[in-house]
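Here the structure comes first, spelled out in structure tokens, and everything after it is commentary.
Per-chain numbering from 1; labels A, B, C and D assigned in written order.
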Amino acid sequence: MEPDDPTFRSVTAPVVHLRGAVALLGRFPALAGVDLDVDRRRIVLLRGANGAGKTTLLRALAGLVPITSGEAIVLGVDLRVDRRAVRHRVGLLAHGTGLYDELTVADNVRFWTRAARADSADADAAMARLGLDGRLSDVAVGRLSTGQRRRTSLACLLARRPELWLLDEPHAGLDKEGRDIVDDLVRDAAAAGATIILSSHELDRSIELADEIVTLGGGVALDEFVSGGDDHAQ
Amino acid sequence: MNSCPAVTIMLSDAWLIARKDLKLEIRSRVALNQVIPFALLVLVLFAFALDPDRGLLEKATPGLYWIAVLFSGLLAMQRSFAVEAADGVTDALRLSGLTPSGIYLGKTLSVAVQLLVLEVLLGVGVAVLYGTSITGWLLLLATIVVATAAISTAGTLFGVVAAGLRVRETLLPLLLLPVLAPVLIGSTRAFEAALSGTPSEGWPWVGLMSVFAAVYVVAGIFGFGPLMEES
Amino acid sequence: MTTETVGSVEASDSGPTSTGSRTTMILGIITLISLGVLVLFGLILSPADANQGEAVRIMYVHVPSATLSYVGCFLTAIGSVVYLWRKSRWWELVAYAGAEVAALFTALTLATGMLWGRPTWGVFWVWDARLTSEAMLMLLLLGYLAVRRLAADYEVRAKRAAIVGLLLVPNVFIVRQSVQWWRTLHQTPTLSLSGAEIQGLMLFSLFTGFVSITLVFIWMVIHRFRVAWLEEQVDAEGLDTAIAERRAEGLVS
Amino acid sequence: MSGVLFAEATGTWPYVAAAWVVVFGSMGAYALVTVVRGRRLSKKVPPEKRRWS
């Protein structure tokens, strides 16, 4: 048993600190006591089989899924006290696009940018970064391909300038160029001081990108679960 | 007062949401292609059901008008929340940092604008199809404004109560229509009063509906947050 | 003698499992006695009314039911407010129990009102302001119960139901007001159900009706609350094993 | 006069009886259902969680 000894911990408070975090989807414990610490500027890869709890973990970190027991602190916010407070500081790229099909790419990106109270110049810059400027920006999202929608969602996320990026399979549905853009975005964001947690099945690509790898299984972080023992998992 | 910035943010959020919703409605043309034809269809169906030659239609016009508004407005409200249920938008809204009260007011505003358009068109439809001669303009206008406020404030609040559930299409009418019964009574009586040339009988109803709308604005502003929380 | 009573109480505590307790047992017995008194006075001892005839006997159960339907509705609103304010599950269940019992009494009010209307007015239903309000109350309560019984997570249905429950009271007020104006503007003779002057044995019968039906109401709310509470417990119970199973899943894979 | 009243009275009694039967019947049925449900659920819950007993 070597639970987190204070000397091993970073001087600054971690961006994510979970201890025995349990999250329920209905009555199903999708997270069954996760332990996870992520420091600032780190790029963390979550891996695990389907149904291991990756998506739920990302959603819980975004403050969308309530943590019902254990400790959960994200960006200094205790999720069990007020999980709404963390939401505008994180960016979540989920399976759903989070876009209005009837509106154009530019409308969508500008709307979500303004909703986050960011500058609309950021929206334009983000669209340019993802290759969505020009002709594509006036196309309704409903008529885009999957990959183009993914890029639009990423542009919305980028324009929000989140402190914590939660990317659920960011490479899925993208072509080679798109994946390269994602990797660049992630590296730039980390360099600029953000923290990134991503899940991916593109292991070759992601392992290269990541500073740390956490394997999930059965709703727990397996590495920690095995080494840390179950005393603090309760 | 530190409540001032909060109010400003709420209102600017509301404006953002309302603009987005209306833009979306204009782009998608669902209201134009489906809701408005449905409303006119209801008017025609009433004429079939109530023989227009026996004066029944004329007597029932205010009630039929408001029932047509309610039913077609219900479609607009269903639509207003179906839009937000699409493909992860609900989560995106929660993460957006928009204040729930602002979202509530914005959606209320966009529903109200759509209702107003619907009411004007139905009014024209009634005047043409049922041969109603319109009198008492002031009371008619006041009734339309207040009833629209009442319907959209309550409709948006109950819309989010039903949102995100598998049974939402059936639940919303069950919740909303009994609640709106006073508005139906009030707007119908006020219209009758206006059309029959006795507007003084109509004004108390305008007052009642204002109280109704006020209750629901307050409930919506405070209740929308907790309701948006759980999907 | 005393040991025997104590023993029997203990046996009933650990033995037969139910939502009953000693208090509710006593309450139940008192309720039954009062209902007996109600039957005695309401149906046998009290005289027929000069205007309404024997139909007045319906009033002894109708008026208390109507009152308690509104009491239950207020209970639901209070429970909903406290739940939203303090996150108290206890009050949420009170609201739920109150609404269900209120719905029962609303249905009884409507049924007895119609059975009173037939011999009095010649028809089962008139658009009387009170009857109409009561019918609207029924619909509002059914809406609340529909939300509360959704097949969804506890938080989802509890929060949504609480908002609906909280709005019951303003809704009821506005509905009553609008229905009253609606009827009076049309100059229909509003026959008030409890308008007649009631005296002597008849007053006592009505009083007995209030007491006994209130007791029934309290007994029902307590038991319904306990049933709802048990449902919650049963729902929450499997959680520890579910977590253990979920973890085992990860170790295998 | 008294004859009229009597006729009216007998005509009313079935409604009175029906009303009382409905009230007592429904209350009884609801009480019964609640108690039965409570008993069934109680078996699934350990006694320390049934705070009233």
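Here is the rule we use: a residue touches a chain if its C-beta (ideal position, glycine included) is under 8 Å from a C-beta of that chain, and two chains touch if they have at least 3 such contacts.
Everything numeric in this text was worked out from a predicted model, so none of it was measured.
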Inset, instruction - Considering only mean CA positions as chain centres, point out the chain farthest from subunit C. - result: A
Inset, instruction - Please list the single chain whose C-alpha centre lies closest to the global protein C-alpha centre. - result: B
Legend entry - Chains linked by the largest number of contacting C-beta pairs: C-D
Inset, instruction - For subunit A and subunit C, let me know how many angstrom lie between their CA-based centres, rounded off. - result: 48
Legend entry - Gap in Å, rounded to a whole number, between the CA centres of subunit B and subunit A: 38
Legend entry - Chain centre separation (subunit B, subunit C; CA means) in Å: 33
Inset, instruction - Hunt down the residues of subunit A that sit against at least two other chains at once, touch-wise. - result: none
Inset, instruction - Provide the list of subunit C residues touching at least two other chains, using ranges where the numbers run on. - result: 153, 155
Inset, instruction - Could you list which residues of subunit D touch at least two other chains? - result: none
Inset, instruction - Let me know each pair of chains that touch one another. - result: A-B, A-C, B-C, C-D
Inset, instruction - Using the touch definition up top, name the residues of subunit B that touch subunit C in the complex. - result: 157-158, 161, 165, 167, 171, 174-175, 178-179, 181-182, 185-186, 189, 201, 204-205, 208, 211-212, 215, 219, 223, 226-227, 229-231
Inset, instruction - Spell out the part of subunit B that touches subunit A in their complex, as residue ranges. - result: 13, 16, 20, 23-24, 27-28, 83, 86-89, 91-92, 94-98, 229
Inset, instruction - Using the touch definition up top, name the residues of subunit A that touch subunit C in the complex. - result: 22, 24, 26-30, 32-33, 49, 52, 66, 216-220, 222, 225
Legend entry - Complex contacts: residues of subunit C adjacent to subunit A: 153, 155, 235, 238-239, 242-244, 246-253
Legend entry - Touching residues on subunit A, where the partner in the complex is subunit B: 59, 62-64, 84, 87-88, 90-92, 94-103, 107, 111-112, 114-117, 140, 156
